[in-house]
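For clarity, chains are labelled A, B and C in written order, and residue numbers in each chain start from 1.
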Amino acid sequence: MMTNKLVKTAYWKSQELVTIGIFAAAIKLSSLLIALAGGGMNPVSLMLKNLVFSALLIVLLARVRKSGVLVVFTLVSTIVSALLLGSSITLLPAAIVGALCAEVGILMVGGAKKAWSPFVGVALYDLASKVFSLGVSYLMMRETPAMLVSVIPIIAIGYIGSLMGLYAGYRSLRELRHAGIVRS
Amino acid sequence: MIEFENVSYRYAFQSDCAVKDLSFKVDAGSVVLVTGASGCGKTTLMRIANGLCPHYYAGTLSGSVKINGVETKDSSVGELSQTVGTLFQDPEDQFFALGVKDEMGFALKVAGVNAKEVDARIQKVAQRLEMESLLSHSITALSEGQKQRVALGEILVALPKVLILDEPSANLDPEATERLAQELKNLKNQGFAILVVDHRIHWLRGIADQVLVMREGKICQRGDFELLTNDAVRCEYGLREADVKDVRKTLTQTQNEAPILEASNVSFDYEKNNQSGGFSRFKRIFKTPEKVSHRAELLKNISFSLGAGITALIGENGTGKTTLARLMTGLNEGSGTFYLKGKETKASDLLKHAGLVLQNADHQLQMQTVSEEIGACLFAVGQTSNLQARIDELMQTFDLTPLAQRHPQSLSGGQKQRLVIACALAKDPDILILDEPTSGLDGANMQRVARCLNDQAQKGKAILLITHDLELLQLCAQHALRMDELKKNF
Amino acid sequence: MAHSVLNRLDARSKILLTVLGAIATIAFSTLGAQLVLFGVSFVMVLLINRPMLVFVLYLLMGAMMLLASACTWVMASFIPSLGEITFGSLVIPFLRGLTMMNCVMGMALTTKIEGIMSALTQLRLPFMLTLPATVMIRFISTFTNDVAQVWETLKIRGWEMGFVFFLRHPYLSTRLLFTPLLFRALKSSEALGVAAELKGLDRGLQQKGAMNFQGQSNFSKADAWLFLGASFTVVMATYIELHWIEWGLNVTRLGVM
């Protein structure tokens, strides 16, 4: 019989935040490794980078089944990347908007505890953040819209990788069930 | 004080109780050792004591568990942590921060203790554990013994009354284990109630006041340490030795008439070579610090020979054992010459004839089933003919056949160890190097690994063991390569 | 890491500077204003005191810009409706990119990984962000070492891991390299989650941010000078943006204004 004290409990448990932090590290490292190994503009590495990103994000959402995971993940990942690796902070607004769109999408399909919510969430997150990052790119290159057109194929290839990552995420969850690490 | 009275616990989704009807006490100023084979329920007992069961790991607890008179059922894990400190087998598993000082003060700051008080406590504990010099270092640059001291220090700054240690000696060398034993003695004299869960038992002679031997969730034997000196008891319960001889000084230097590997005037400058190479550059992007205990690992004019049989590579931390192992496998390239079965061989060719089993089995498992894992290793070296027959043969040799379709990550520690050794032998190397193959293994599994190694040695392989496990050395090491002897020439 | 005056800056100042730099460089669209922003940010980069690294990064940036320009030129040749590509129309986006790079270099190259915890506490973020950020930083180092070990295991086992293998077997090489990382992440999150529970970190979350975990340091003189310099730069750039539109150069502006 557990204690029934009247204490206001926080929304987040430390274990959940720890999981988000660890996966943020794994995702960041994987993306960087693939980019270094294959070259940043190589279509194969572009797709793989996004594939691994999406697959790992799906596993994270399957482990921490709560609204807000994507927002916390995005904020943490962007801040640490900016401090440590010099990643551009201009992408943060686009990523946050993408995360919020994904959270709304998850809520609309029944909430974070539904079996398909990680896949819906990641698909929307990838799409929305890429679309909004195009908006940011437009602001950066508005004097030469043609340059934006040359960026679109890169983003499209990346999104193909993201879509493949949804399937890779599904296979990963199946394997984790086989390994006894994920139960449901 | 820890008190268990008729305690049973069943995990969620399990039909059987993990522990049954446990009753014992750990008084203030005493040390109780709980030991037993893998799966006996030691870990569950530990989790019940610190409140993880049932508060974190959902399940059903019956009976009474009291810490300093307070029922654990009535307190959260966070509240219990103010009285009970738990030290993990791998202390790195419990580190949040990068710096030692940041880590030691982390939990206190979160709990609301002011910065001045935190600093004062850290300084006091650092002095007590003789680790003031480590405070400015990065966690990742510490040796295993140093990490454990930091973890213990972090627990002590919280001023607990009860300590629970989960296999604290698993990753330690004999010297660090001795140091830990001394620290436990001191803490016991200061009135701490200490519960130690461990496979390795010899180091607790003269320290443990009571011993509990578990099997299948029950306490089957209890008594003082002398209980463990009984061969029949140890054999029946699959325990390790109560008295371990340190053979590191008595093993004969390796002498071979028909050496498999010979090294002639091999030199290697760790500092210089660490600046180049893909991963060194990658590590520098993330500003990963180098080990603080590592002195400039300079190997100069090393010459030795290695023949069939099991040779222990002996030396203190930082003397270059790992570097030498990497040179012998071809992972690093120094100056000098290696001869494989009498023929001069380059580093890149050495790679094809050497196998290396790292300490962390998880880094060496990539596939979905045990069978696939071994198959992948055979595929990697181009041995695709009679693939299934070769896989079956290796699985049978290492008693893995019943586990063929299991996911490698679902295996126990002992099973994983056998699998990674099987994978290393897939390419039929002439030289097999193993780095801490039995850390964390119980007596039965350690003996199994020793038998596997002896079998391979009899087949004519040169096996090099890098290990702190004195029992393993006692069981199977035939010769020694001593770093201080090898480095005499410079 | 070479010693630089920028090391004395509060992490909040560096982040604010980066954000300000991003906003300013996106907002302004005249050559004059962009040159002012680039010039001042370049001076800041020189203060980092790592000329070789800065040179290499500029080289890489230059190569990327050249490639982007070449692709754009080729596309514009086939699709005239995209508009004429001139030096003037390219230089402003490039200056934006360089200014942004200078601002983030100023932050990333003067923040040591060992000092990153204090940088995080200086930001005064809520504990629900500080905790995962701390863990992320902690595990980037750990995972880097893990991946290096995995790489070496694969090399020993005979896998010819490299660029060509990666291109020929992308799925297999990803699996070989990242499966251990995934399982390591899962096991570490389990173990560290237990540690968080045992250390009572949930109390920090209940206390609305664990106020004692936040930094106590205040801004210094160096920060004051930085804000002054940044404000002056923005004011100057704004003046040039509004009054010196062409700045004596025949630049085609296809912007929003």
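As a convention for this text, a residue touches a chain if its C-beta (ideal position, glycine included) is under 8 Å from a C-beta of that chain, and two chains touch if they have at least 3 such contacts.
What you are looking at is a predicted structure, and each value in this text was computed from that prediction instead of being measured.
Asks: So with touch defined the way it is at the top, what topology do the chains form here? Options are line, ring, star, complete, other.
Replies: complete
Asks: I want to compare two interfaces, A-B and A-C. Which one has more contacting C-beta pairs?
Replies: Result: the pair with more contacts is A-C.
Asks: What's the chain with its C-alpha centre farthest out from chain C?
Replies: Computed centres place B farthest from chain C.
Asks: Whole-Å distance, chain B centre to chain C centre, using C-alpha means?
Replies: 38
Asks: When the C-alpha atoms of chain A and chain B are each averaged to a single point, how far apart are the two points in Å?
Replies: The answer is 35 Å.
Asks: Rounded to a whole Å, what is the gap between the Cα centroids of chain A and chain C?
Replies: 18
Asks: Where in chain A do residues touch at least two different other chains?
Replies: Residue numbers touching two or more other chains: 33, 84-85, 179, 181.
Asks: Please output the residue numbers of chain C that touch at least 2 other chains, ranges allowed.
Replies: 113, 116, 131, 134-135, 137-138, 140, 142, 144, 147, 183-184, 188, 192, 194, 196-197, 201-202, 204
Asks: Enumerate the residues of chain B that touch no fewer than two other chains.
Replies: 55, 76, 282, 286-287, 409
Asks: Which of the residues in chain C end up touching chain B in this complex?
Replies: That would be residues 1, 112-114, 116-117, 127, 131, 134-135, 137-138, 140-142, 144-159, 175-176, 179-180, 183-184, 187-188, 191-192, 194-204, 207, 210-213, 216 of chain C.
Asks: Where on chain C does chain A make contact in their complex?
Replies: Residues 11, 15, 18-19, 22, 26, 29, 67-69, 71-72, 75-76, 79, 82-83, 85, 88-90, 92-93, 96-97, 100, 104-105, 107-109, 111, 113, 116, 119-120, 123, 125, 128-129, 131-140, 142-144, 147, 163, 166-167, 170, 174, 177-178, 181-186, 188-189, 192-194, 196-197, 201-202, 204-206, 252-256 of chain C touch chain A in their complex.
Asks: If we count contacts the way the header does, which residues on chain B are in touch with chain A in the complex?
Replies: Per the touch definition, chain B meets chain A at residues 13, 54-55, 73-76, 282, 285-287, 368, 407-410.
Asks: What part of chain B is in contact with chain C in the complex they form?
Replies: 50, 52, 55-56, 76-79, 81-82, 86, 88, 90, 92-99, 102, 106-107, 109-115, 138-140, 279, 282-283, 286-289, 329, 331, 351-352, 354-356, 358, 360, 362-367, 377, 380-382, 409, 423-424, 426-427
Asks: Which chain A residues qualify as touching chain C in the complex?
Replies: Within the complex, chain A contacts chain C at residues 7-15, 17-26, 28-30, 33-34, 37-38, 41, 44-45, 47-48, 51-52, 56, 59, 63, 72-73, 75-77, 79-80, 82-90, 139-147, 149-150, 172, 176, 179, 181.
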